């Protein structure tokens, strides 16, 4: 029996950090051995330091771990990072420098030319950038691999499916994003109860640029970004979990609607431990996807798509949804780690 | 001192019916004298028949009115209708036939070629259709005038402003609509709490077609609809009142952004009793408009616009908001009645 | 390997009916073979008839079952009923008369002198009433066994624990109840969003009388009700699932607070298939129990208690919570069925 | 025409500070001339410093005021304080020492033996303590007068009415409190959306002790606290504004229920500028009071009572509601200031 890889979590007490711990409990390949957080939490054990907000109980073993400072002296084989952007870049580089594979959910390094921005079902081959990254940055064994913004993950897979099958010319997206996306304490009740806030700091630029990198081509040791343009409007809505995206797309060719549906349902990727049975779950009901009913599809790892219609201004429109702290954050990073293990970049 | 015009309300016990009563209390030109509702309510007085859901008290005098059947034998000068579509068409025509001016919030007749679909600030001249309507339908003194769908009202004025100044080529709109738009009992808590429903029955087609009529030209006795196309995606969100619309527009010419803003703020209409001081309130804060903070602007009669930005796929994008049961329904009809009085179509 | 008992569900399309189906999927002892609902649903298969509102998918096999009328001609060994009170009494008696064991969540027959009102951990011996019921009502093989109101279940177990250990003199309870307790469509958003409704039809009388029967003594073939009095105030709050009860109790003796806690934690019952590992989960955190975090404890079958304090007017106060459609309804009935199977009243 | 008294506000940028500004706009006796807040806001004007969260616009004149530090060098006649408890005691004493009448909403000094804790309709005579306060503390012209905790205000008036008419022996109260009571940012969405939190820091002790002071007798220069005991359980619910209290009371005599109602409705106080037409609004509907529908009764200054019933354990039970940041905070303080002006303690 293979031993599990030891995992350290940077930013372990936050909303995404807690999801890492929840999702890694009983994971066959990984085991959390180190939890790191800001100075405020140091010296406490995890149970004391974290305001555990998930409905499943905090695993007792993790609760007893001592919270450590964010310094690259951890006893672990890989590191998951959900650090705030302000400190992520330097911390993640420091860990990679010290030899740790860093699988990051932070936005800090995502758009760096030598950092893979990966969704396993779409662009697993972008891991090839790691070689360049090690050369450029003088990393020996360590590296940084990132996953996209939580809203981008909601619609990148449908876009990839359409891009592969028909070519994508332009995209208009309006997001309705859950409050857990802002972490804890995050969004005050007084801001979002009986309300919508049509602004999320830094979100629209990410949504308008990350997909083109993910759907880009690795040519030599560079990513040539996809050329379609995206228009994004991002809203915070009073929903706990689950980002919903209303999408309109202009394609290079104009397929029949049943072919669009087929392309969406047919799109898939490598079968990793946390992979959903089907990446895109297509719902025929006229009122789906809905955050409360669909966010937990396939343990929160599937993307649910529905309301596919021809469009007056674009070619087609549809609605996509995914769980923002699972498929959109902690689960995305874990899937990347599973991909890295599968491809021999970590473990062994 | 002029006597007030006597008003009858069809569908008086519903969500919009209650708003009519609230807004007409102490109105200088109109006075509610008749309230009509379905058979279930007949024989009761209004206070017994209506489950009053507004935070201001039910006016006592109205509470004592006896609820009458929906038959054109009322003692009143004009009729406001917020009947469900299924019965609105025949009932409204019957009242007009019997000589009543009918100012309707229902969708049933809005798109009929001889029925004005009016927002006073945009197309007051469309009232000219009344003459044709009377001829075609053999109405003597009566007629039907309608106001648009509650979501359309949110963005028709900004579109009109942009159309007048720069020409509009195409529009993409995603709405986030409040539960009061579905009336009472309307949306079950189990459907929308901690959730979004990306479907509202019949809404997207209305949003994609009504604006072209409103922004159309009255030529002879016909409306030539505006030619831009609209792509709409409509969502129900857990907000009590206030429809928000995320808009992207392609214009015929490409103005500077400050000219767009100026065109929005500058757009205005006739000064009627319920007119807001300024039709479009432009907010510079990065996170406005918001339903809870902006829906009651100018007693719910203003439209709030913000987040104006250049757009990657269209020319500009922005967010608009209005109170769906005031500016978007009862208030819209009352403003139409004031316009009709001002132009001599009712009263005198 | 034993064959599973075949189960029919009366009221299968409702909120509690859906929970029955969800909880019985993969149950080792029971298998749903018949689904019954009102005439509106007849002729459809279950997937068409039910507006499935749970986040786990509708089991495909059940979705294909044809919905039948509520008539005692089903092919099943036992019947679960979540019929509305108005029709439950006659329908349940008819099924029992026809030989079916009826395990009911309806309130209709709960307080009948010959009908057991059972929570397995508290008063399993009340099943002895079945013999009297069969005699009195001329039932041959059939019978009716009921479980309590969903709010009563939240605090009956803590009361039973305290009653057994110290005697209970009087109880004051204020409930904060979730919207799923009213079924679907149930509570309109316009009633409960940003609001509390301090009234639930018929609830306070149930909460003030059922516990005394449950905690009563079976003497001969009668239940002698417990003698303490209860004062109840019941509120609907904007929460999806999970009823919370704020309790104050006066005891016959005045124990130390640690003994109260011990009595609560120590209270337990028979180990049935759906039994939680521990009936009462005591939480030490100062802000627990909370509906969203604790309703799913032990798959929704545990009762969570916290905030135990000495009280100025009574002896002690505390807060209790349980999942109203699992432990408080469908799960309660299933546990009763498991108890009946364990004691040989059904199966075999 | 009398000149208005100049008002300084301590803690002006907070939730209650904003209500002060909203309620004092156009007040006939008072005018805001100074706004003070923590160092973070200093140097900015009020519009820049405050995240204005009310649906009515920030008065322009106040928006232009420069935010000052909390030091007793203001140009004003009276001071309203909504400072956090941690700094309120010393700051309020410093202002009183410097000659300012301080009307405080903070809890810091409420229970001091020489500080009046006043609701004008109940215990206006407690202002007599000011003389003692000045002597004891060596104040010359200044003094501190406080109003109660926001939940206490909800039920103190009903208790006073019952106490006066029948005597009160004991009280059990369970509160359902709005999120605005915690200020801004206050309660995170992740804590209270789809949830209830059965704990509010420091609340239960206040609710259990302040009413006895308010309903106490001023004898000589001391308050003899009322002798009844109170049991309180306090919950945070997902409601924006409006605290609801479920109450059960044991009286010294047992009146007929209609006499209880009469005593509640009949209770009243001095007619001050902000006094509601009737202090206690009694609602007969079976499902009132409700926060969303009743919090704004009489501009948020009335207390709404309903659901009066005989009780099994106490004598009667009922539900009371008031607007927590108006009648329960800023409005309470303004009413106290009006009382002080009426009695000649300020102005003149």
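Chains: A, B, C and D, in written order; residue numbering restarts at 1 for each.
We adopt the following convention: a residue touches a chain if its C-beta (ideal position, glycine included) is under 8 Å from a C-beta of that chain, and two chains touch if they have at least 3 such contacts.
Remember, it's a predicted structure, so these values are computed and weren't measured experimentally.
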Quiz item: What's the fewest number of moves from chain A to chain C, given that each move must go to a chain touching the current one?
Solution: 1
Practice problem: For the copies chain A and chain D, give the interface type as same if over half of its residue numbers appear on both sides, and as different if under half do. | Solution: same
Practice problem: Between B-D and A-B, flag the pair that has more C-beta pairs in contact. | Solution: A-B
Practice problem: Could you grab the centroid distance between chain A and chain D? Build each centroid from C-alpha atoms only and quote it in angstrom. | Solution: 47
Exercise. Averaged over CA atoms, how far is the centre of chain A from the centre of chain B? Could you give it in whole Å?
Key: 42
Quiz item: Which parts of chain A, given as residue numbers and ranges, touch two or more other chains?
Solution: 53, 193-194, 238, 240, 292-293
Quiz item: For chain A, which residues are in contact with chain C within the complex?
Solution: 53-56, 193-194, 240, 292-296
Practice problem: Spell out the part of chain B that touches chain A in their complex, as residue ranges. | Solution: 170-172, 174, 176, 193-199, 208, 229-231, 233, 235, 237-240, 244, 246, 248, 286-293, 306-307, 311-314, 317, 319
Practice problem: Name, in rising order, each residue of chain C that touches chain B in their complex. | Solution: 15, 53, 179-180, 184-194, 238, 240
